[in-house]
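Pasting the structures in now, so scroll down.
What follows is a pair of complexes built around chain A, which joins chain B in one and chain C in the other.
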Partner chain A sequence: MRKQLKAIAVSVGVALAAPVFAQEELNFDAYREMLADGNPAELYEMEGEELWRTARGPRNATLEQCDLGLGAGVVAGAAAQLPRFFKDTGKVQDLESRLMHCMETLQGIPSEEIVKGKFRQGERAKMAALVAYVVTHSKGEKIAVDLSHPKMKEMYELGERAFYYRTGAMDFSCASCHSQDDKRIRATQLPNITKPEGAAAGWGSWPAYRVSNSQFWTMQHRLWDCFRQQRTAEPIFASDVTIALSVFMAGKGNGAEAQWPGVKR
Partner chain B sequence: MKKLFIAAPLALCASVAIADDLQAKVEDMMLKSFQANGIASLDRQKQDAVQKACSSATQPDADTMKRLEAAELATIQWPSDGNYTGGDWKEGQKIAASGRGLTWTDKTPDNNGGGCYNCHAMDPKEVSEGTIGPSLEGYAKLRGNSEEVVKYTWGKLWNSKAYNACSDMPRNGYGGILTEAQIRHVMAYLFDPASPVNQ
Partner chain C sequence: MASPMRIRAAAKDGVTEVRVLMSHVMETGQRKDSSGAVIPAHFITELTAKHNDKVVLSAEFGPSVSTNPYLAFKFNGGAKGDKVAVTWVDNKGETRTDEVQVA
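The block that comes next holds the complex of A and B.
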């Protein structure tokens, strides 16, 4: 009898309390809203703004002439239209690989130093601050990635294939976790990236400040950790797969409002 | 008219060629965009038959699925002494709760977690449970412990792809994620009447 009562209590509890449960215990939205006005990412943004204007590197130059796609020195709205094809490099670049290009060409800081570096250390830490500065100036902007260039089209297609590409010790692909609605890993909600709203939720909320470890993570950092948990080999910083997946997510999320920088658990 | 006849097969060839070209580019990218780090070697970037067949939004046709599943079934190592469920459910609980192991920051390939709770509900008292896989709450209470159920569960834990070639679940035994002894502990966690899963 007691067992039966418990079973009823549990099933009623699940049926009635599920939405409350989801919002109060496992849904991070309310917490995120509370933090939105005082997102600690602001500290990184301030550091990034300082770095943008400070003469650094072997050439003792600032980044104020860096062209992020909207013209030299234009930061407002720049993140919303990245990744994009750049004529001067002949490549599709995301925000981080473009900043890396600017740091090398304007300041003389070798890209190698960033590619071979570690997240949250050295030039990659400075890169993260710069990212925080740039994305904050696209906060509330609509994601507007131009897919018309053939290289962008190809990157999108490669990104889509990479998204479904199962490999590694546990047979996972991105799709293993991100192709269904309303799923969770433990208490962490997973966006369904195969749909525009899910792709926008993912793409448009990273980079983000992570409350659980008090760290600011860029999208390159986020993707790197996705692959770590997928049990693949280690993705190389700003490598094609990271750019392709970024084009796929941004392209699919086109038109939705970005929440940069995000706040995460 | 004659032109049409020529154009149609040509167009077909062209689109097939483009598709193959893209596939080759993806495979190349999935290798060249990565580097070995610790135990996470570049071998991990090469797909086996199941991984390759299940790398798109749609599953392969039924015959292909059956063929793949038969090959995976043949890899399952059944307990030589017939001991399927005699593990320690408390050890099984630890394995089910741990999602550690096999990343490039992990040192050794043994003593991995099973990561069960990442995707499955198991102990009804645990609230932080994933939802990608089906709920396993009351596993043996609901399914019983017939030879068929016990064997299926062992097989599913050892190589999930034997029963669904494109399952999201890792191949714990076949893939060297869990040892035979660890799988026996997880079996106990699922089947032992004293296990919290069956309360």
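The block that comes next holds the complex of A and C.
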């Protein structure tokens, strides 16, 4: 019975509960613990797993031959080592740009359709489900991004520059919100990404399901929203700057355990 | 067609714990879309859980339950390999049943 009540409290109380807590009563860990039991990201994961195995696109092929860096079709642990440099494309790719590559080369789904699409719609929505599937198979893995390749080093440095680059009407950089400890906006904690533990907290908990809007967001979506919140030009999907910022965060967070998929307020 | 639920059922010391994650929009009928039109109500109204053929939980849901509802409950009895089936019905008459074996 207690469990049942707890379940109902989680389902019903989420939108109402957070703002009424006084500042000193905010207990993020207890809140997250309650949410994590029954993370609806699992629904996306189920959809993604089916999409991975379903023959689709003009070539009517599955993604089972997709190489995410650990060999064709290997999903387990792959996300923990992304972004990485891929020889076949000669590029550093994150999970989403790599999936986009697989969808184009294996299934014949043009990347253009995803790049020019909208989040949570069409092929980009399918991509999000695939992301949920892939990252779930790296849950609890240690983040292990190999920065030794010169292209990875280049991306890390570019990411670091982008992180501190102030721009837009508000003269904001990523660092404006993410370079101090124990900061928050309303009830959302802001990780200090200049430190390894902060970078790991950020990188290792997205993609995530957001309870307040019932949406599953990938890292590309999260980064896009950071730019939007800075009131600056929104980045192109899977563009170099988004991948560079990912390399920067993942590289800094190396060695920490990934909590994929995350669950957020 | 409605998307599948994710159900887990585990028996321990004569008690079975069931955890159900449902995929449903749970639209309240109080919200408006970007053009100002009311989004019609669409939510689960009834839920039934069966252990083999016996009803162990029967619940009424309403519009105040969140999108993609999560429900956890326990019932007495149940052994490995038994069937647990969960069915919901929504206000549009759509229904979905999923079944798992107790682990």
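In this text, the second predicted complex is superposed on the first by the 238 of 265 C-alpha atoms of A that agree within 3 Å, B and C clash if a C-alpha of one lies under 4 Å from a C-alpha of the other, contacts with A are read in each partner's own complex, and residues count from 1 in each chain.
Definition applied: a residue touches a chain if its C-beta (ideal position, glycine included) is under 8 Å from a C-beta of that chain, and two chains touch if they have at least 3 such contacts.
This structure is a prediction, so every number in the text was calculated from the model and none was measured.
Asker: With the two structures laid over each other on chain A, which partner does A:173 touch: chain B (first), chain C (second), both, or neither?
Answerer: Touch partner of A:173: chain B, not chain C.
Asker: I'd like to know which partner A:265 touches here: chain B for first, chain C for second, both or neither.
Answerer: neither
Asker: For A:157, select first, second, both or neither according to whether it touches chain B, chain C, the two together, or no partner.
Answerer: After superposition on chain A, A:157 lies in contact with chain B alone.
Asker: Using the touch criterion from the header, give the chain among chain B and chain C with more contacted residues in chain A.
Answerer: B
Asker: Could you tell me if A:120 is touching chain B, chain C, both of them or neither one (first, second, both, neither)?
Answerer: Neither partner.
Asker: Which partner does A:38 contact after superposing on A: first (chain B), second (chain C), both, neither?
Answerer: It touches chain C, and chain B stays clear.
Asker: Should A:233 be classified as contacting the first partner (chain B), the second (chain C), both, or neither?
Answerer: first
Asker: Counting contacts the way the document defines them, which residues of chain A are shared by the two interfaces, the one with chain B and the one with chain C?
Answerer: 10
Asker: Taking the touch rule as given, give the residues of chain A at its contact with chain C in the complex, in rising order.
Answerer: 3-4, 6-8, 10-12, 14-15, 37-38, 40, 42-43, 46-47, 211, 214
Asker: Tell me, which parts of chain B touch chain A in their complex?
Answerer: 22-23, 25-26, 29-30, 32-37, 40-42, 44-47, 50-52, 54-57, 99, 102-105, 117-119, 124, 127-132, 161, 168, 170-171, 175-177
Asker: Using the touch definition up top, name the residues of chain A that touch chain B in the complex.
Answerer: Counting only chain A, the residues touching chain B are 10, 25-26, 154, 157-158, 161-162, 164-173, 175-177, 179-180, 182-187, 190, 194, 227-229, 231-236, 239-242, 244.
Asker: Quick one: in the complex, what on chain C touches chain A?
Answerer: These residues of chain C touch chain A: 3-4, 6, 17, 19, 21, 23, 64-74.
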